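Next up, some structures in structure tokens.
Below are two complexes that have chain A in common, paired first with chain B and then with chain C.
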Partner chain A sequence: MKHLLARLMLVAAFALPAHAVDVDEVPLDDPAKEAEARDLMKEVRCLVCQNQSIEDSDADLARDLRVIIRERMAAGDDTDQVKAYLVERYGDWVLLKPPVAGRTLILWGSPVLILLLVAAGLLLRRRAAPPPPLSAEEEAKLKALLEAAEADEKEPRG
Partner chain B sequence: MIAEAGHFALVIATILALMAGIVPPVGLKRRDMGLIALADSFAVAQFLMVAIAFAALMHGFIVSDFSLKVVAANSHTAKPMLYKVAGTWGNHEGSLLLWVLILTLFASLVSLFGRNLPLTFRARVLSVQALLSLGFLLFILVTSNPFERLSPAPLEGNGLNPLLQDPGLAFHPPMLYLGYVGLSVAFSFAVAALIEREVTPMWARWVRPWTLAAWIFLTGGIALGSWWAYYELGWGGWWFWDPVENASFMPWLAASALLHSAIVVEKRDALKSWTILLAIVAFSFSLLGTFLVRSGVITSVHAFAVDPTRGIFILGFLALVVGASLTLFAMRAPSLAPGGLFGLVSRESALVLNNILLATFAAVVLIGTLYPLFVEAAGGAQISVGAPFFNYAALVLMSPLIVALGLGPLLAWKRGRLSRAARILLPALIVAAVVFVGTVWATAGGYVMSAFGLALGLWLIVSAKLEILQRIRFFEGPMAGLKRLVRLPRAALGMALAHMGLGVLVLAITISETWTSETLTVLSPGETAMAGGYEFTLDKVEPVAGPNYAAVRGTLSVRRDGELVTVLTPEDRTFGDPVMETTEAAIRPLVTGDLYAVIGEAIGPVAADGRWSLRLYFKPAISGLWLGTLMMMAGGLLSLTDRRARVGAAAAREKAA
Partner chain C sequence: MRGPWVFLPLAAFVALVALMGAMLLGDRNPAEVDSALVGRAAPTLTLYALEPGGEPLVPADLRRGVPVIVNFFASWCVPCRAEHESLMALAGEHKVQIIGIAYKDKPAAARAFLEELGNPYDKVVLDESGRAGIEWGVSGVPETFVIDGDGMVRYRHWGPVVGDALETRLLPAVEAAR
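And now, the complex of A and B:
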């Protein structure tokens, strides 16, 4: 999904996004690492903004966090270690992608869970409601139709 | 004086709503045709009263009557006229009034165009609709009176948030509300059917056009909001899974499911109780959306009116409406006679699968939006649920939907043959497979998900085309086939067009998200930077004055291989009242994609050779988003004008005559 949709960024309308990722911030030397850092920034919440990732925000705090992320990655941390470091300081709230854990199991499991529930509900309802039996009139009609069809089959078509 | 008249009209509308909720049902009980027939008059009168109130408020905005609290808080004399008018609904009180206006408008449209409905059924629908407007009218009068006066009146207003001063946003709320509130008709039809204990194919035939109209507006409203975000926020982002976006997306998903299940009720007399449930749920999502936006429960940029008492009122109303309708559903649904049977491989099954996936996705979006609240309420630490989660859910649930979407229309009712569908769709499968393998190979395995997205989009587009070609037997004789195309039911063409539109949308999302090129840079006038193979040269930067803002405007010429493609003029605007900066991105759509430039702040002293920070983008295929959405809406419109709907109306006229 990374490339299909993951570039969707969280932006808050009321903070000006235009100057984010300030140009005087120094990108990492290794382009691969810089790309990793940028991907991580999209998953980290700007704590003083509304619904924005630090990649989208020009708030000072977002800038500080970007600097911290680059520092840690330059020092050799991988993204998981940087994430752990941020969570230790700011709590799970800082991650826009909540980690899979006990209290987010329902969240991450919800697509499959609900899919099964809805499907089961629909199937059970169909089971529970068998078609009504045919009335005597309908039975007679059906019999006549079947006989006609049989007769049809026996007759060679011209 | 005019404001007081507006206030008075609102009070009368409230009384009318109360009477419309009581009198016709009493008439139905007593079999008093005179009382029943009043339902129509009540509906039209309510609409007229609310329209008077709305016009009075709009008048206040147009003449800048700052003795009105709402006008003083949200308008300004220096604002362009369009935004004075649009300012009427650019605030909490006015937007609620717009909501009720549309609610009563739909009720009077039902009364006007619903002449082919049995009078008793129409009266029930209208009284349910009246009870809904009663709730909202009380809400407005008790907690959010738009006609509250200020004394002394200020000389100047506070102004409208500059981000909202934009044509895209001026029409985004009315469009969205037409969709949201349009679903109230499906809701009222569902409740009325439950009361009458009968859901017939005829019922589905009435409900579908209303749902379809609401769906078209909802689609357009969401797209307008998206388009606004794309060009106004200065990121080129267009969907952020913001709680308020989710609030409009959930009813859209439910309405899409409802559109499809109503077909099954109409054609095969099956899925009746499920369809009723969907109609209730779709409108409940609309109410929930209103609650989320208007209460500020979830911090979001859209919730500009944060007031807990209002939130509690709406929550109470929401609980009442949803609770009552679901209780009624639980009581009456089991008695609805089950309809036609169908095999596992059939058009019905495909539509059921469509419904399962859409409903599940709507539920998952709901869970994701509210999950942080649940965790917090359960005493856990705050967590965030952002785009990564919703993208995962979309991938898991929407991919199978798109695969099924190609297949479904080729299956016959009752019992279809997968082998036949597969034979017809073989070319689509080949195209999808070739593109998938080709993309993965060309990018050395770096873009598997993107390749998957391309394959899905193409599969859907080609399948929808093949379905139509097969229907007109094009391959047996192209000329005769084209003649048959004209005579094809518009609903069939509409469906194919809407499905193709979705395919175009998937392609556009995939391509633009994968291959956007972005350059962040600092330029002095005369310098050049590259983005997506285009050379952007900053020619000059100059100050400009707007009607109610001052701006810095950059002029960039864009060249490809030395040839001038276009000139872009992004602006950085500073508004006075309230003080705020906005970025006006300069966008130039080309066939292959959009050139997109944003100018930021000056770096260092602003002299002749000042340096400016710039964001330059080339966003491929972004127009496909708007094209795909337009195709979906056009498909809906085509289907809305189908013979079925018109014949129904004509037959009713003959009967009446």
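And now, the complex of A and C:
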């Protein structure tokens, strides 16, 4: 028990956030640019693990891509230019958030389309012809039922 | 409003099941991503030869007037070992020129790999840093590209050329590039 605190401290010492950005990767000198590069890394898909960003991934290729992003940004490219560089080689898939463009119209448009279809369906239902009026026989039946219900309510409950 | 509309949800459901079934049962690998390079000019990089003193890969190598295959491989890559037989057949029986790019490999290890399994390549060059791989949009080895006589990428085979992939995919792509 007396070592508990020491043990906890030991655990805390090793419980640093797991981060894939390697120690041998040199951050950019300009902190603002480094922050921009880091933001971009979060948007770039690791092509080996596919559902991770290269910022998260330990894969070799992810590391290479991080190095390239920093290199290009140090050379004066802005994030759009770096993105274009990556898309040229790996296609739109390399971006975790695909761009809005003609070829991605179905992807981005489908939620709107479904919403419109549902709205149209609901409107059509509303506009459907009202039910035909009750016949004399049905009116009489309804009246009898309502009266019976009223009489029922007036009676004291036992 | 009633009538045939009642069957709309059922029809939509059947269509969805058919679509999913086709995607699931078809000859399709969901991990495979289309290459952005197909239909464009192959990257023109100069890469050093694997053999000391050997000829480097130069842009003219990809514009030979006949289709050329570019194959990214590595000695550490197990699927590359599996597809090696197909590459030997491609170079031997089918007389197709293949350029090998040793991806992130040590020269000695790559040489030992080719000594052990045979060398199907017309020219073997080194990409130790993996930079050439990135230029070609490679996400892992092996990847194989069919380049036509004018240096345009016509087909990319993702993963090893095993099973009937040589007959059903690679060779038809080479024929189409002629």
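The working rule: the second predicted complex is superposed on the first by the 110 of 158 C-alpha atoms of A that agree within 3 Å, B and C clash if a C-alpha of one lies under 4 Å from a C-alpha of the other, contacts with A are read in each partner's own complex, and residues count from 1 in each chain.
As a convention for this text, contacts are C-beta pairs under 8 Å (C-beta built on N, C-alpha and C of every residue); 3 or more make two chains touch, one makes a residue touch a chain.
Nothing here was measured: the structure is a model prediction, and the numbers come from that model.
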Checklist entry - Touch check for A:Ile68: first (chain B), second (chain C), both, or neither? => result second
Checklist entry - Which partner does A:Pro31 reach: the first (chain B), the second (chain C), both, or neither? => result neither
Checklist entry - Just chain B (first), just chain C (second), both, or neither: which does A:Gly91 touch? => result both
Checklist entry - If you stack the two complexes on chain A, which partner ends up touching A:Asp60: first (chain B), second (chain C), both, or neither? => result second
Checklist entry - Which holds for A:Val118: it touches chain B only (first), chain C only (second), both, or neither? => result first
Checklist entry - A:Gly76 contacts which: chain B (first), chain C (second), both, neither? => result neither
Next on the checklist: Comparing chain B against chain C, which has contacts with more of the residues in chain A?
Outcome noted: B
Item to check | Common ground on chain A, meaning residues reached by chain C in one complex and by chain B in the other | outcome: 50, 91, 93, 125
Checklist entry - Mind pulling up the chain C residues that touch chain A in the complex? => result 1, 31, 33-37, 104, 129-131, 133-137, 139-140
Checklist outcome for this item: Per the touch rule above, chain A residues touching chain B in the complex are 1-14, 16-19, 21-24, 42-43, 45, 50-51, 53, 56, 91-98, 103-104, 106-108, 110-112, 114-115, 118-119, 122, 125-126, 129, 131-132
Checklist outcome for this item: In their shared complex, chain C is touched by residues of chain A numbered 47-48, 50, 60-61, 64-65, 68, 87-91, 93, 124-125, 128
Item to check | Residues of chain B that touch chain A when the two form their complex | outcome: 161, 163, 229, 233-235, 237, 239-243, 273-274, 299-302, 337-338, 341, 352, 356-357, 359-361, 363-364, 367-368, 371, 375, 378, 380-389, 391-397, 447, 449-450, 452-453, 509-510, 513-514, 516, 520-522, 572, 581-583, 598-601, 603, 613, 615
